[in-house]
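Here is the structure we will look at, set down as structure tokens.
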């Protein structure tokens, strides 16, 4: 690191460090070059959440670049969390893009492997996976700590991203997932966003393991919460590999007179429960296709106003 | 044929250091032919590793390690060993490992490519097994395997004097395609824009399976 | 009977034995092998095609061959015709013996007679001068990294020494000197890359394919086309006076090789010609008067003309094949 | 016995009738394609007419040339010939030059090297000199042409001569594509310009690496076919029997059909047997060098004894140079592929191989090539306790221990040092596994092979040295002392060099 240069910490990082219960949301870039779409989404979240994840061609569906959309989001006063997958770029492209992201003022980074292209619309695309998420986290952490690229060359200007990653508390075998999570944290991940939580008991058990391994002391954990708009939405979500939705929740949605309201209630119940779990430092609220509900959830959950920082 | 080369012997020794009785399983097919993992190589390796006098080696040579029946013949030998050093290609090593419950199976080779024998002791890569052959368009020279960038529509600017920019010892795949098509009087084929291809048939589509439905009588 | 147990004689014996024909070698020396047995291989790192390895196990094979009788320290005194067979009187250790043979192969080779060139430089008196025979011994006994007791700085070869010179009684080309001397020069240059090696020559035979002179010069062997005028000695070191395009020069060397050629044993050949019906040519070598199929007397090797090792073996083999064919077909004298 | 006569030589008819006189059955083949239908082991005589300037080869051509020359015109012959080319061409040059000189033309012969192949050359040379032919030796030449007049500048050291001539005769031999085609079809090895490379041509002139193919350079015959017939017929008849008491044998069950042996065999003795999907050794061509045995990646090739019937009444110490003797065992025939050769352990189908147990051996083991080192081993190792480990062909070759300070003038090795000698038919028969196994039982291992380019089996010595080098680097990388393994190149007379190498090997040093 160059001497005398203070790296400005992100708001997200400072909130975590201040011990605040952090609330983040998501902005999905458009399937096109429309900047207004991003502006609108960001404006709606201004003052509601602490930071917004900007997804990177989520589920392999071709969209505007995460870094570009992140910049648009920040222009509207919402701090962005740049998502970066390993699927589409080799180590040269990933590092190069991230150097640019840092230079543009983006400070949070969420590293994931990325869904296989078989899920998206470009099934015939080549995948790259030159480096996997753990390798990438390690590469970046080493760069940030030592100022030297993986290839051994010294960097002119070193980024200082607040690096996060994801984890799935419901995948089997749990041990393997925990080993992987530990590796990610050892490699340098400072915050972890989990898969959407429905089965809170299982999540509690998982968090117990996390505490047992002492991982909650090394990284901030955010429970993922997905808000479902309809019966069909929860049914579809239940089918996604790696999701664990207890049948009684699906049943609740089916029986509900107002499924929308029921979806909100379920989400709020989950938020209230996970909040109490030791080691959970925040929630990450996702509302795919129902982004306008996020302010409502945040408000009804009692998270407003969001804390201010000096 | 699958072309492989033997790992550095010190690396092999390191991976075997915890085992007293080691079964060296050569493979009688591809890697025999490419002088990497046949019986002769296995014997040589056994002799070399025996120099320490601390380990016992036995050499067996299944016809192929990619067919369970050939492996079954050596189950007894596997049981008597502490570990198995498989001198097969990556496929053989894994198949052997599937069979050897509770026994470490260690690779002795680096599996390199699908290639041809150009001369004694000289092999070159010809195919990447991408699952969607277009050799009819390129004069029988594969752009996927033989162009360093897997270009589909002609060489890059780095091709000079028929050589690849990556290494002057590599022939430019597109030069070869050009020469071939010229000799076939099919240069017109070069004008066709070959569209982006479907890589899902390659390893990008995930591990591949193949079933001949007419041979499989019971659906799995 | 094979007169001479050298390379030609032994090759004939081996061929005959292979065809099931018994033979008897009459050798004047203490053992078979002749001069070639004292020769040394002339490869540096690479084979220089001297042909010596063609000899291989010949000596051992012939020594152990029960079909070949070996009479060493023996010489033929007289041969007479005894009705289709030769009656031969042989002087050996145990006195005179008389034996009968159907055919005679003359393989007496060549000689280092006292009066030929180079003979004046006795090794004890001139340790820095080597004749052809001494060169061979040097090549044979060389070690892995030394030939001479001390590393030489300069070495000279005098090729055609005594050849092509009517006065020296060798008006012909011996055909082997260019080859053996330049091969030896290559070996010396290989052992001592810093040594200056000069070969004084008259004509240079092609020894290897291609431009041999260029090959030698590429190896750092200097070729000087001239006949040196004089050899003198300065404290044991040979000094050569010679003349090149720039004029007369003298130069002193650590070692001098006199590349003596192949000389016929004229008294011996004359005596043999008398009893075998061969003739002595003007140059002193033996030649047929009548075809050997008619006389039963065959010539093999250097008795007939200067030959290399390989040519000697080929000539011996040809003689043996002709003899075998005649033996099978029945000779008509 | 059938003999294939290949080539379009003008001497072919005469040659065939000479073969018939010798009770052989000549079969003429004019094209390379025609060879494909004939069995590979039949004796082949390749008749070869050197491709030369008609002026020196055709009767009357010189006279015709003279008639168009003016009396003052110079004729220049370029006699820049290789040593291995045949001398008869030079006779023709000298004769032609003499004839032109007799016709009062100025004739110059330019030679790069002087040749004196025999007395005939000497005689012709003398006659040519008397007729007024000028001989000029040169080191380099410059030739320029201007309106049909060639200017030849010959240089020799600091001297140079310039000659203008309308008739410049290049007496060199031109490459023949036809010969190249035949060579390819016969699997002969050739070098620049398509000339056939012999089996160390000086060992057996006119022979090639392939035992059944003989090359007859018709220019050397000058029509005198009878001169070479006895030796040729003898060689042809010898082909009816295998070359060796033992030959290589491919176990078809183990053979991976990889063609490695086919590619490395210096004698083209291996060929495919498509019925058995395996390679097969042609016993008549096999020279038992062991290169294929050592290299076969499937360990499918072993030696077997040739059948006594095949060897027939071959006497001891025959021309092949191999001792005869305890040849035994059945020769497998085509219809009994399962019939394993004698000596080859009848392995079960499971194909397991025990790694040899370590046995107590001597201090040094030397693999000696039978063509060089083994011949001199006795003399070189005088004073040491030498044991010959295994002997080829069952014949005992004893190397008895010689007391220290024997009659050699070589510094003796220390008494009581055990040296084990294993004769091998060629350096190429030694593979890394053999060397590594020897290292298990012996302190030091050395291989002694023939000098570079002197291998009877083309490149067996090179193969061996490459194996040694690879094994040494592998020993190094395992942290072993690679000085325990060494090699020496030696010839049949290099007693001292072999001795020094052995002593150095004992001391753990190395020979370069």
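Each chain carries a letter (A, B, C and D) given by its place in the written order, and its residues are counted from 1.
Please note the rule applied: a contact is a pair of C-beta atoms (placed from the backbone, for glycine too) under 8 Å apart; a residue touches a chain by one contact, two chains touch by 3 or more.
Computed from a predicted model, the values in this text were never measured in an experiment.
Following the contact convention of this document, B is the list of chains adjacent to both chain A and chain D.
Counted by C-beta pairs in contact, the busier of A-B and C-D is C-D. When you average the Cα atoms of each chain and compare centres, the chain farthest from chain A turns out to be C.
Between the CA-based centres of chain A and chain B the separation comes to 40 Å, rounded to the whole angstrom. Spacing of chain A relative to chain C, judged by their CA centroids, is 95 angstrom.
Computed centre separation for the pair chain C/chain D is 24 angstrom, with centres defined by C-alpha atoms.
For the pair chain B and chain D, the distance between C-alpha centroids works out to 38 Å. Residues of chain A in contact with at least two other chains: none. In chain C, no residue reaches two or more other chains under the touch definition. Residue positions of chain B with contacts to 2 or more other chains are absent.
Taken as a graph of touching chains, this assembly is arranged as a line, each chain contacting the next along an open chain of partners. The full set of touching chain pairs reads A-B, B-D, C-D.
Residues of chain C that touch chain D in their complex: 14-15, 17-18, 20, 39-41, 43, 45-47, 49, 51-57, 60-61, 64-65, 67, 139-144, 172-173, 175, 203-214, 225, 244-245, 281, 283, 305, 309-310, 314, 317-318, 321-322, 324-325. Per the touch definition, chain B reaches chain A in the complex via residues 196-200, 202, 204-206. Interface of chain B with chain D (complex): residues 8-10, 13, 28-29, 32-33, 35, 38-44, 46-48, 50-51, 53, 56-63, 73-74, 77, 117, 119-120.
By the touch criterion given at the top, residues 254, 256, 258-260, 263-264, 295-299, 349-356, 358, 431-433, 436-437, 439-440, 471, 474-475, 477-480 of chain D touch chain B in their complex. Those residues of chain D lying in contact with chain C across their complex are 81-84, 112-119, 122, 137, 139, 156-159, 200, 202-203, 205, 230-231, 234, 315-319, 321, 371-372, 375, 450-454, 488-489, 491-497, 500-501, 504, 511-512.
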